[in-house]
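What follows is a set of structures to go through.
The following pair of complexes shares a single chain, chain A, combined with chain B in the former and chain C in the latter.
Entry: the complex of A and B
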């Protein structure tokens, strides 16, 4: 499948034909994507889809076995210093030195980044309600995430890289993290790349989305385009159907009797003719949520999964 | 400006903002000449991508609901009142539709519904009530 992508000249991250195997397992399979400068790029996929492995390649922690990875046009494995100094990174479980106090941790992190903004770090500390004299190991999980976020953000990185940042956190901390994403991208030219399995979050803050399923990209592009291409229609048949209707281009079909719901990728103009040939009409039409698109795409790829039959809503 | 974003029903977020601003104008909660929040401020408030807010504002400008003043923010346009009459009728149409469906279920015909509307109007707006 080919996706329209911005020219790699404007891309902060450029990945071409990246594959990775761990033993006999293919974790990343011929993956290509470009993260445009100034975008919020959301990476979605269930656990084990290969999201963290992909992020480790961007950070230069893993060498590309096949294909190329460029960050700011530089190979992050060959020249980690040039790349990492311009990235702010927060992982799902930030590895913080628990014995340090918050203020010590801030000074310690500052030493790694020449561009550290002391005033900004202090304003973030206050905003996050972090006590300067508290030891990191005594902080709650949410506060530890905020300390990690402060460390990732205070040098005003060109690329903020977040790996499942809201995993297991309460809604208030999640909101702080998402606000940090918004603030980062609102500053001219800064880019955010973040992975999540919370599709609602991705749908809210991202303008570009990549969907990873079992190591393969199943969708990649501007969120608006992805949403505009997919349609969810409810069909009403003259007579009750005992089997799901077969519709070309449909990703998923569910329902029973006279009413069936269909999710299609493209082919909106041909749909009325196909539907009326089956003896049905379109009674309702919606833009599907990212979550619905993801589920339908995942089902299609698995292929052998029996079609669900659930009563229409 | 009170706007609620939901990610459940699939309506694109820029469209949710677009519709709700139009709704706020139609219902008189935003009036001509009033300033709407800057893109960045609204993006942070709603926790949505700034480009999404920018797109909503652009569509609102195209629809004549807001006007940009050179470098001085975005305002509800004076022309919005004519746009909003159409919007008001559209809002009312939805209510009328559900009223007619309800009446249909209850087996009450159009003539009776119209009579009822007139009756309620007279009751609600009768001078005796003042």
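Entry: the complex of A and C
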């Protein structure tokens, strides 16, 4: 599936035809993706869809078996120093050396980044409530995430990569991470690329979204466009329907009797005529949430057909 | 599988079946060879040492099978598997089962070796060491689980226990030297060992039960005091001047200090008391001197295996993401590791020299040593003797450094197969060397000297050619300035060995030739050239 993409000059990350296998399992399959400069790019997908594998390719921790990965126009495997110096990275499990103290960790990380902002790092440390003399292993999971976020942010990276940063964290830490995303974007020209299961978060802060399913990109583009393309309508039939109505372009159809809800991708202008031909009328219409689009897309691909479900009685 | 005991036993089997099968195969093969070969006395005479080594290896594998500890990255400790604590099984079964299986396992393997391998050769082996090994297994497991939070203390305790049980195992050899009768002594030690096993079992049960109830990992008051002391120690507060200095600090704090610390502890707690109590004995002085000089080499070989890994304490060989995402070249990481190893070695030898310079003049009985030095002074002269001493020290330091960095190319590869394979190759070389020495002892004839020299020359020549060829192959992707720097260091190190060899050797042409060839081998070249590519493959998989 081809998706419209920014020109390579605008793209911070350019991925073309990327494939990756682990043993007999294809984790990424002919994936092409461009992340525009200055965007907040949200990556969604179910567990095992290949999100972390994709992020590891962007970091250069995995070598592209097939296809190319360019970050700032550079191959991150060929020249990791140039690429990693401009990236801030935080993963779900920050993997910090437990024996280090917070202040040692900050000084150690600082040494690798010439653009490290000492005052900013200190303000973040205070804001996050991190005790400078505490060992990292004694910090809670949330505090470790904050320490990782501090290290990822304090050199004001051009690209902030967050791999499910808020999974399993409390709302306060999640808020801090979202604020970090907003702060990064506030700096002109900086880009955020983050994956998350929490679609509300992605919807709140992202302006571009990509959806991975079993290693394939099934949805990619500006969030507004994606949401404008999708619409959820409620249909009312004069007589009770025993089978779900068949509507071209519908991603999911659910309901029973006279009331059926349909989530469509595109084809809004043709929909009234189709509905009318089926003997129904549109009684309600609204823009679906990203969560609804994600579920519908995922279920469509799993079943390879519009999903039909009955509401709970 | 309805019984928890069966499920737990199956888990131990499924995790370790390779080791168990290896032990069975090794023991069976040796027994089969004994059965098939008619001339058993020849086996006993020439290959007994190999059998002993294989037996020790088999027993080592049994200990590794019933080690029954796991690394818990979240808790950052290595102890009794935490995940088992949620099972609806009493703690005494959780700990008692691996202990029981361990004792049975080690007993069976010892019995198989004594009855199936050594007995057919006509060699009677006492069953006493088997009993000691069983108790040793219990104590080993108890220490591993109880001291999960104290890794260094645990290593020291295990070393101490190992030495203690070696002595227990050798008691039948010294019965004649003791003033009591044989039965009394054995009865006494049997009761002592039964006491040890009771303490081990109940100690393991108690400590694992405490861990299970959230009562800590062997920490508590002692750990709090240690933490307080560590907090009081002044630490670096200044920013690092460069990424290299930060990485150097990181590597030093993570693994670099271990070798000097182990050497310092050994000098303080083993060699200092031994040298003091044996201060009147000239033989003890010579033996102690030999061990003190050999200690850094032995420890560097062992610690070097861990130092070569991305994380000393972890069984996972992949480069942690924390390091992999640093904007720091893989080659630079190798250089930093080499520098940290060099600093460790310098400190270690400074400690050894300090100890020797205090011990030898102040309380050692150096009568024989002085005689030997005086003779050497007469034969070689003062300047030559001084040069030999300095060059020997440099050579020892270089070999210690080699022990630390020699495995980097496999340790950093991220491949467990390569890492274990490298260790196996080292073990095979060690066994072959022992076989060669045993063979040479039994079959050396002066009239074949020319043939031996020729063989030795060819072996050394092949090794040198292989080393240089591999070096060219491995260093061709590394930047010329770095190659130039290391070639200079390698030349200096090799020059030291050549000079030492020539100073020590007799003035015979072929001996000098052999020494020059041999001197080209000790300083690592090709393996260090492979290390950056190896790390890079690990970093960008």
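The criterion applied here is as follows: the second predicted complex is superposed on the first by the 306 of 313 C-alpha atoms of A that agree within 3 Å, B and C clash if a C-alpha of one lies under 4 Å from a C-alpha of the other, contacts with A are read in each partner's own complex, and residues count from 1 in each chain.
Keep in mind that, in the parts below, a residue touches a chain if its C-beta (ideal position, glycine included) is under 8 Å from a C-beta of that chain, and two chains touch if they have at least 3 such contacts.
Computed from a predicted model, the values in this text were never measured in an experiment.
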{"item": "Clash-or-fit label for the pair chain B, chain C on chain A", "value": "fit"}
{"item": "Chain B versus chain C as contact partner of A:207, first or second or both or neither", "value": "first"}
{"item": "Which partner reaches more residues of chain A (counting touched residues only), chain B or chain C", "value": "C"}
{"item": "Which superposed partner A:268 touches (first chain B, second chain C, both, neither)", "value": "neither"}
{"item": "Partner chain(s) touched by A:197 [first = chain B, second = chain C, both, neither]", "value": "neither"}
{"item": "Which superposed partner A:95 touches (first chain B, second chain C, both, neither)", "value": "second"}
{"item": "Partner chain(s) touched by A:281 [first = chain B, second = chain C, both, neither]", "value": "neither"}
{"item": "First (chain B), second (chain C), both or neither touched by A:178", "value": "first"}
{"item": "Contacts of A:85 with chain B and chain C, given as first, second, both or neither", "value": "second"}
{"item": "Partner chain(s) touched by A:232 [first = chain B, second = chain C, both, neither]", "value": "first"}
{"item": "Shortest span in Å between Cα atoms of chain B and of chain C, once chain A is used as the common reference", "value": "27"}
{"item": "Shared chain A surface residues [contacts with chain B and with chain C]", "value": "none"}
{"item": "Parts of chain A lying in touch with chain B, wherever the complex brings them together", "value": "40, 175, 178-179, 182-183, 185-186, 199-200, 203-207, 224, 227, 232, 286-292"}
{"item": "Complex contact set, residues of chain C against chain A", "value": "76, 231, 235-243, 245-247, 249-250, 253-254, 320-322, 324-330, 539-541"}
{"item": "Touching residues on chain A, where the partner in the complex is chain C", "value": "59-63, 77, 80-85, 87, 89, 91, 94-101, 103-104, 107-108, 110-113, 133, 137"}
{"item": "Residues of chain B defined as touching chain A within the complex", "value": "5, 7-14, 40, 43-44, 47-52, 55"}
